[in-house]
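One structure, pasted below without further comment.
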Amino acid sequence: MKSKTILEVKDLKTYFFTRHGVAKAVDGVSFRLKEGEALGLVGESGCGKSITCLSILKLVPQPAGRIVGGKIIFDGVDLLSNSEKEMRDIRGRRISMILQDPMTSLNPLFTIGEQVAEPIIIHQKIDRARAWEKAKEMLTLVKIQSPEVRMMEYPHQMSGGMRQRIVGAMVLSCQPDLLIADEPTTSLDVTIQAQFLRLLKEIQERSNLSMIVVTHDFGIVAKVCDRLAVMYAGKIVEYAGIRELFNHPTHPYTKALMDSIPKMDVKVDRLYSIEGQPPDLRNLPPGCNFVPRCSHVMEICEKEPPGESVVGDGHTVSCWLSCPKWN
Amino acid sequence: MTAVKGIPIFPTLVLSIFIFSGIFAGFLAPYDPVENHINEALSPPAWQEGGTTKYLLGTDHLGRDMLSRLLYGATVSLRVGFIVVFVSGGTGAILAILAGFIGGWVGMAIMRLTDMMLSIPYLLIAIVMAVLMGPSVNNVIIILVVLGWTQYTRVLHSEVLRIKEADFIQLAKVAGCSKMRIMLRHVFPNIVNTLIILGTLNLGQVIIMEASLSFIGAGVPPIFPAWGRMLADGRQYITFAWWLCVWPGLAILLVVLSCNLLGDWIRVRFDPKFRQI
Amino acid sequence: MQRYILKRVALAILCVIGVITIVFLLVRISGDPVACMMPPEATRQDWEAARKILGLDKPLYVQYWRFLLGVSRCDFGNSIKFEKPCLDIFIEKFPNTLLLGTVAMFFSIFIGIPVGILSAVKVGGKFDNFSKIFAMLGQAMPVFWAGLMLILVFAVRLKLLPVAGIGTWRHVLMPAFTLGWFFTAALLRLSRSTMLDVLDSEYVKMARIKGVPETLVILKHAWKNASIPVISLAALNFVFLINGTVITEMIFAWPGVGRLVVDSIYARDFPMIQACALISSFMYVFANLIVDVIYAYVDPRIRYQ
């Protein structure tokens, strides 16, 4: 079945203007997302994954942050040309987001019911009683036991896993077309993580929901995603389908990330880790951003940033090593 | 805020002038502050019509030189301010450490006492005490110390509780340190930062308190050149001799403002996470 | 919730007893009440007689007990100057002070809080910078100077408002503004700082993600959380207010409790001042109790402690 592209991000640039320089948090990011597909955004802390997501919703922290270029085409409309009012209509109703820390995502002063019903009331413009009913349905969907009781309670009375599921109910209540999940399981206990991911996958398959999942954990990527984009210092360095990427990781960074994952069946004396530190986004080197930590640096890498090269079916890499001209 | 090597210029300058004037008022003042020159009473500041350069800032209703009185007033404020801050700050800190670290009944008793004392409006009880004790600078100091330690204890107590749970305290206990040693060598140095900030901010408050007491007549004796007193005396002449009230008030404002600015600067410098103004 | 309220009430009563005790001790330490009351030509016998009447010849704990009992029966002694029970005189003057205090709180809350919120929302902008300066000055300026300067400008130079006294709405403006000035600055700073913290929080981000209109995000989601410390400060302000009324009423010749206290200083009517100190402390403890209850109502986390 040929599904249409629901989101196309073209050359997105989001910079932070600070007293000590301009941090290029997102520097020319492009990807496509089809209906019903789940895209994984992987990379170290500070590589720009979260800011990319916030840029899609136009919720970049201001006044320091600003989207300075590119296009974000959602269902045919460039979001960057939308007014704030139009964005508010889209947020929650067509595009929604789960944040990392469930302990702080819910407002401590309002009941669960109020918070889950709120987007329903705002977007679907139905009365409170019906919205409350719908909220209850959503809570049942995310497998919260005795929702009527829970709805009258407050966030501090719930565990982390429950809170994240409630946030899930909250963001899915208006049946959005796109869900962005920013490290949704990082703050949860390991045992709860698996539960939550399964739930997410179920809901996705049932409602043909498109997802962007931000994570630094390849295990999650393997379970949930169809395609994967690896980010480094504000740029996408490799972009491929899951199978293809796991079988043929091409970019040195991607390979290094994969090597860093300890393997159960291989005995080693030292765990592998990538040398060096993530770069200062205000002071990026000319040429490829990965040069300081790459073990295959060539002359050209230090002079010019690499373009995209196609290395397989739906598989692109930004690396001079893969550029046929230079090899 | 403009700064030299990070230190804010304005408050440091003002406070330096204040401290300098306070200490050397005897040498700097052109006249004796209680000397009357009745014939030249209520003469305006030098730059106004009717003023002379003999009395730069004008004279008050008894012909006393405003500038000299201002300088000697600084001495009073300085003396009261620093003594009260040091003594009440020290006492407050000690009580906070005892209450927080030893805890139990002692801790509860101290904190209850603190709460109760903070429930009494300081000015009213200060007035009661002042009326009974009689007007004098030393009495003002005693009263302000007795009432002032509570603010320190209140704030530092939570700090001590926070520090108590820190790992290095546990390690000290494991190493066999006595309670006294831990309190002196581990807890106290960690609250010094907050103590300094509180002290700086408190200095301004104490100056205002002393001035308030003097203003309503429950502070220093009547003839004394204290800023609050000067304001009280000048009140009735405000319609035609504005300088009687403006100079002492401005002095208080500048000194207190500088204390606040400096205190805030220290607070931000010690902990950049603080986002207050 | 009920257990929480009961606990708070019990603590309040304990506090009141503590206050009475502390005032008693401080007064006894400070000096001899008889010395205040005696005219200079009084003889030794007069002093002895006065001491006997006041019960000052009895041992300390007996005095304390009588004092405690007296206060619990709302007997604060008689004023030396007016020769009437202190409580009666206090009640007579209190409405004026209440009026002044209420208007002052009004000013403070309706200027301080909105300016603080707006400064936080538009952080770094011109409005923010202006309000920061305003707050700085507000907290550095002593009450009496602010009052005197206002008189200088508005009554003497511009002749817009009356210099002092009570009567029309014009008479209330300057005293109320003077009284509320310090608190306005404090409220401004606190509202701004708590709002800045809350606006940065994840749940506010979540509200925006849900598509909640910005005004609602600020007023409902952010402010409700930010208001909690502000409520606490509001109760604390009551003490500042009482301290401030003494001076403000003196400057503006406002016939309230503050003015009463100042007059009592000159008359050396220490029972009156002591009564004022006690009654205002009780009011403060009561106000704190109310605030604690409001707290529990607003923030559910406290109820379940």
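So that you can tell them apart, the chains are marked A, B and C in the order they are listed, and the count of residues begins at 1 in each.
Following the convention adopted for this analysis, a residue touches a chain if its C-beta (ideal position, glycine included) is under 8 Å from a C-beta of that chain, and two chains touch if they have at least 3 such contacts.
Just so it is clear, the model here is predicted, and its values are computed rather than measured.
Any chain that touches subunit A and also touches subunit C would be listed here, but there is none.
For the criterion of most C-beta pairs in contact, the winning chain pair is B-C. Look at where the CA atoms of subunit A average out and do the same for subunit C: the two points lie 52 Å apart. Each chain gets a centre from the mean of its Cα atoms; for subunit A and subunit B, those two points are 54 Å apart. Centre-to-centre separation between subunit B and subunit C, using Cα means, comes to 21 Å. Residues 112-113, 115-125, 127-129, 131-134, 146, 204, 208, 211-212, 215-218, 228, 231, 235, 238-239, 242, 245-246, 249, 252-253, 256-257, 259-261, 275-277 of subunit B are the ones touching subunit C in the complex. Here subunit C touches subunit A in the complex through residues 124, 201-203, 205-214, 221, 224-225, 298-301, 304, going by the rule given at the top.
Contact residues of subunit C toward subunit B in the complex are 14-15, 18-19, 22-23, 26-27, 30-33, 35-36, 132, 135-137, 139-145, 148-149, 151-152, 156, 189, 192-193, 196-197, 239, 242-243, 246-247, 250-251, 261-262, 265-266, 268, 270, 273-274, 276-277, 280-281, 284-285, 288. Residues 57, 59, 63, 84, 88-93, 96-97, 99, 101, 104-110, 118-119, 122-123, 154, 156-157, 167, 170-171 of subunit A are the ones touching subunit C in the complex.
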